[in-house]
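In the part that follows, the structures are each spelled out as structure tokens.
What follows is chain A paired twice: with chain B in the first complex and chain C in the second.
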Partner chain A sequence: MKRNLPLIFAFLTGFLVVISEFIPHRPFSLMISTLQNWFLIISGFAILLGQISLFQANLAKIKQKESGWYFYLAGLISFMIMLLTGLLWGTQEYKGILGHGTHLQSLVGSKPFDYLFDFAYMPLSATMFSLLAFFIASAAYRAFIIRSFESNLLMITAVIVILGRTSFGSMLTSWLPENLRFWHLPNLSDFIMEFPNSAAQRAIMISAALGIIGSSLRIILGIERSYLGGDK
Partner chain B sequence: MSSNTHSQTERHIVFLVLLVAVTLPLLFPIGWKTEVSGYARMAWQLIDSTPDSSVVVFSFDYDPSTMTELQPMAEAMLYHAFSRNQKVLAMALWPQGVQMADQAYAKVIKSFPDKKYGVDFVNMGYKIAGIVTIQSMGKNMPEVFPTDERGTKYADIPMLKNVKTLKDIAYANSLSSGTPGIKEWVMAAHDAYGTPVTGGTTAVSAPGLLPYVNSQRQLNGLLGGLKAASEYENLIGQIGSATVKMDAQSVAHLLILVFIAIGNVKAFLVRKRSKA
Partner chain C sequence: MKKTLLLVMVLWSIVSFSAAKALFSANDVPWDDGKALMLNWSAPADTVNLQKADSLGNWVTIFKGVGKEFQDRDLDPDKTYSYRLLIPRAALGDSIAFKATAQPKEQWFYLNKLSYLLILLAVSLAVLYYVNGARRGKDYFIRRISGLDSMDEAIGRATEKGKPILFVPGISDLDDIQTIASLTILSHLAHKAAEYDTALIVPCRFSMVLSASREIVKEAYLKAGKPDSYREDRIFYLTDDQFGYVAGIDGIMVREQPAANFFLGSFYAESLILAETGFSTGAIQTSGTAQASQLPFFVVSCDYTLIGEELFAASAYLSRDPQQLGSLKGHDFGKLLTILLIIIGVIAEIAGWHGFKAFFEGAQ
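Right after this comes the complex of A and B.
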């Protein structure tokens, strides 16, 4: 019963959602609205669950002194600082347990949580993403080597698209006459993105969608049970 | 010198040259012109042709990691919407999108001091559950957003008086850097309720979304990356941060091409030497 009940719920819910797509009238439309509201509420609790899980996982690694444990400690300290500043003095218009922290606001110019978000979290987050540029440049230098016909093709395409995505690229071929505009680098780049790229992307999307339909059916029909936990 | 140390030195040289190449154009702008693509023009046309006083949705589905590319787009599109006197409902399917929306409002509102919160623009805050949130908005928006970010009840927000479902929205604009984002808006807002959808994304995500810009207009144009943001700034006649940063990005792209060429020459010489 412990396993059968969730299977029955999954079957009924999945069946209802599928049916409501084909019959968007009462009572199915009402049922699906209720289910969607439940989903919104349950998703809210998932955030809390995620935070507890993050705390426990990091704490365990620090206790066991795993390699690089000080990074987990730094993560936990940062987590606690943001949590406490938010709880104590609130964020933006919302007040916290200790009110709006007007004294602190007069010192740093905004609420402690907002100050940390604007001047610590935001720059750090943007920096992490921008570091990718350095790795891409390094990888391009070391790995983008012509070895075969396919890699040659990939290289030519990449060069056209990269040049087409720069202001310099459009300047390079801007002198071309009207009847040769197709060969203008931005146009050539757009052509590659619009046709070969879209065709390949559509193939991937359709394959993925078929895969999702297949696995969803397996879950609804109770064939796929790994989401229940355990391996039986 | 071992090959590993040699490789490390090469990496450091690449990093250093790239840093210099990105920094110099930011300090001394070159002023290269950006050509407007069809995708950017299509997005511009949607906003431009939407009637005055229409309520539109701007969904901030990204976080600060991608703000370099997406924030200039958000600001340019918001500026355009305000200049067309549209009423903007900002929301976020990503938790930090709320702050991104506030920052975009704070910057753009300087050019439109007459715009009033609640009358011309509003921030409804973050909503969890991705596509289900959009589906629910199609049925009952006051139920999805009982209050705005400041705690004002939905019914007390003047600009939302006649907005009950997604069908009352002129268009949805999703600035997204992943899931949930543009794809979810296309599936749940356009395909289910016929709400026109446009959006902007990072350059790396754009190829995956281009199939939605099709004859059915599932997506009304798409801004992909900083270049598209600068194209949009060009279309609205504003020199924003994207236009300024575009020189640096162009130089970085050219440098990557140079690195690829050097890498190939090096590989060719190594192959030649090993054959000899």
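Right after this comes the complex of A and C.
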């Protein structure tokens, strides 16, 4: 029963969601949004579980003085500071336990939580994101090294697309006559992005959609059970 | 004489009423959820003013401009709505008004989704047919997926080096099918890791994924007969923030130097940051996602990549369960059906039969 009950729930919920997609009449039309709301409620409660795990995992590493334990300590301190500033003085429109903290606001220009969010959290987040530019450069370098026919093709295509998206590329082929406009780099770049690239992306998306149908069916029918922790 | 005059007046009112009805009409949008009404008018005017009566009976303008129709959405089913069309007469400085009322009605089927339903039924029946065939003992050929075959190699390497395995179940919550597909692979991976006594690290972005991952890994260790080797603290929550999560995983990769990294699930802008950091540590990397835009990044930086449907086929492929393998044949039928529909669609469009395309586009 311990194993069968989740399987019955998975079958009923999966079946109801599928048929609700095609029936606009109540109660079916409200089914998907209701289930999504239930999911949000459960997620809300589960947040606490995450916070407990965060504390347990970090405290254990700090106690055992694992390598880089001070990073875990910094993480916990940051967490506590954000939590306390939010609880005590609230956020932009909501007041906290100690009110709006007008005195602090006059000192730093905004509420402490918002100040930390704007001037600590956001720059840190942006820094991580901006690393992408450097990683793209190193990954592209490796991808474009000519080793085989395929990598050769990849490199040529990439050069056309990169040049086609710059004013330099446009300038290079601007002298081409009207009847050869297709070979003008920006046009060629647009062609590559619009047709071969879209075709390949759609092929992946169609096959992924078929995979989703198959995967969902296996779960709904109880053939796939490993997400419950075991096969039998 | 009076009778004739009366008859003419009655006839004139009927004709003018019919004309008004033809000039302006409000009708329920068919085959929908009863939240929309279609308003049509054929008034010979450049600009019209369309108004709706609010709950107090006051007229509120909902459309002003040039056009012949307007769809009023977000309505309540079975409620009567009144509309008024005002056509300005510039010469006289006034407007002619036409009125119409209608009730949006809920239907029992979205007709514009008929094509989706037919495709879904065809693919589902094919999956069931092949699963049934596998149950009866029929052996189906499934092509090799090197990304999944390499799983043993990756675990073996981690075991030899005495380093842990890192498994990242994507950055989506449990309501994403990619996360569920990823967790089914985690089950097989945890079983192998338990057999080889290799440490498995699973950092999670969402609490729901955390609890599901813990349950799955715990069960896998139990099945492998090594419940004592299971360590709950190795499956932990990092943060809900996308780039905070990436920073945390990058830190783990740099500090703990896992010998094998698995990035399976739903990934967005962080895919390359993760894969490149893993590459720099020299780990053997396997990735898989159905996000077409992230696949090139994984292909460049990882040793093996599961592309699109391979992620969903992974659990069936790894379990070698005949029923699950049979369902993969159903995917192949779906692909064949799609290829046929594309070919027929192209021929139909070339021949000028636009109905075929319109049917699959969901036009009513």
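Quick note on the criterion: the second predicted complex is superposed on the first by the 195 of 232 C-alpha atoms of A that agree within 3 Å, B and C clash if a C-alpha of one lies under 4 Å from a C-alpha of the other, contacts with A are read in each partner's own complex, and residues count from 1 in each chain.
The working rule: contacts are C-beta pairs under 8 Å (C-beta built on N, C-alpha and C of every residue); 3 or more make two chains touch, one makes a residue touch a chain.
Predicted, not measured: the structure shown is a model, and the values here were computed from it.
Undergrad: Is A:Gln92 touching anything from chain B or chain C once the two structures are fitted on A? First, second, both or neither.
TA: first
Undergrad: Applying the touch criterion given at the start, work out whether A:Met128 contacts chain B, chain C, both or neither, answering first, second, both or neither.
TA: both
Undergrad: In the overlaid three-chain picture, which partner chain does A:Val159 touch, first (chain B) or second (chain C), both, or neither?
TA: Once the two structures are laid over each other on A, A:Val159 reaches chain B alone.
Undergrad: Contacts for A:Ser67 in the overlay, against chain B (first) and chain C (second): which applies, first, second, both or neither?
TA: Once the two structures are laid over each other on A, A:Ser67 reaches chain C alone.
Undergrad: Is A:Ser53 contacted by the first partner chain B, the second partner chain C, both or neither?
TA: second
Undergrad: With the two complexes superposed on chain A, say which partner A:Ser167 touches: chain B (first), chain C (second), both, or neither.
TA: After superposing on A, A:Ser167 lies in contact with chain B but is clear of chain C.
Undergrad: By the touch definition at the top of the document, which applies to A:Pro186: first (chain B), second (chain C), both, or neither?
TA: After superposition on chain A, A:Pro186 lies in contact with chain B alone.
Undergrad: With both complexes superposed on chain A, which partner does A:Ser138 reach: first (chain B), second (chain C), both or neither?
TA: After superposition on chain A, A:Ser138 lies in contact with both partners, chain B and chain C.
Undergrad: Looking at A:Ile223, would you say it contacts chain B, chain C, both, or neither? Reply first, second, both or neither.
TA: Touch partner of A:Ile223: chain C, not chain B.
Undergrad: Quick check on my understanding: which residues of chain A belong to both its chain B contact set and its chain C contact set?
TA: Common interface on chain A, chain B vs chain C: 36, 39, 43, 46-47, 125, 128-129, 136, 138, 140, 142-143, 201, 205.
Undergrad: Across the complex, what residues on chain B touch chain A?
TA: So the residues of chain B in touch with chain A come to 7, 10-11, 14-15, 18-19, 22, 32-35, 37-39, 63-68, 99, 102, 127-129, 132-133, 135-136, 139-140, 143-144, 149-151, 203, 206-208, 210-211, 225, 227, 246-247, 249-257, 259-260, 262-264, 267.
Undergrad: Considering the complex alone, what residue numbers of chain A touch chain B?
TA: 33, 36-37, 39-40, 43-44, 46-47, 92-94, 117-118, 121-122, 125-126, 128-130, 133-134, 136-138, 140-146, 155, 158-159, 162-163, 165-171, 186, 190, 193-194, 197-198, 201-202, 205
Undergrad: In their shared complex, at which residues does chain A touch chain C?
TA: 18, 21-26, 29, 36, 39, 42-43, 46-51, 53-54, 56-57, 60, 67-68, 71, 124-125, 128-129, 131-132, 135-136, 138-140, 142-143, 201, 204-208, 210-219, 221, 223-224, 226-231
Undergrad: Which part of chain C faces chain A closely enough to touch in the complex?
TA: 31-34, 77, 106-110, 113, 116-117, 120, 123-124, 127-128, 131, 173, 175, 177, 180-181, 183-184, 187-188, 204, 206-208, 210-212, 215-216, 218-220, 223, 233, 236-244, 246-247, 251, 255, 269, 272-273, 275-276, 290, 292-293, 295-297, 300-301, 307-313, 315-316, 319, 321, 323-324, 327-328, 330-331, 334-335, 338
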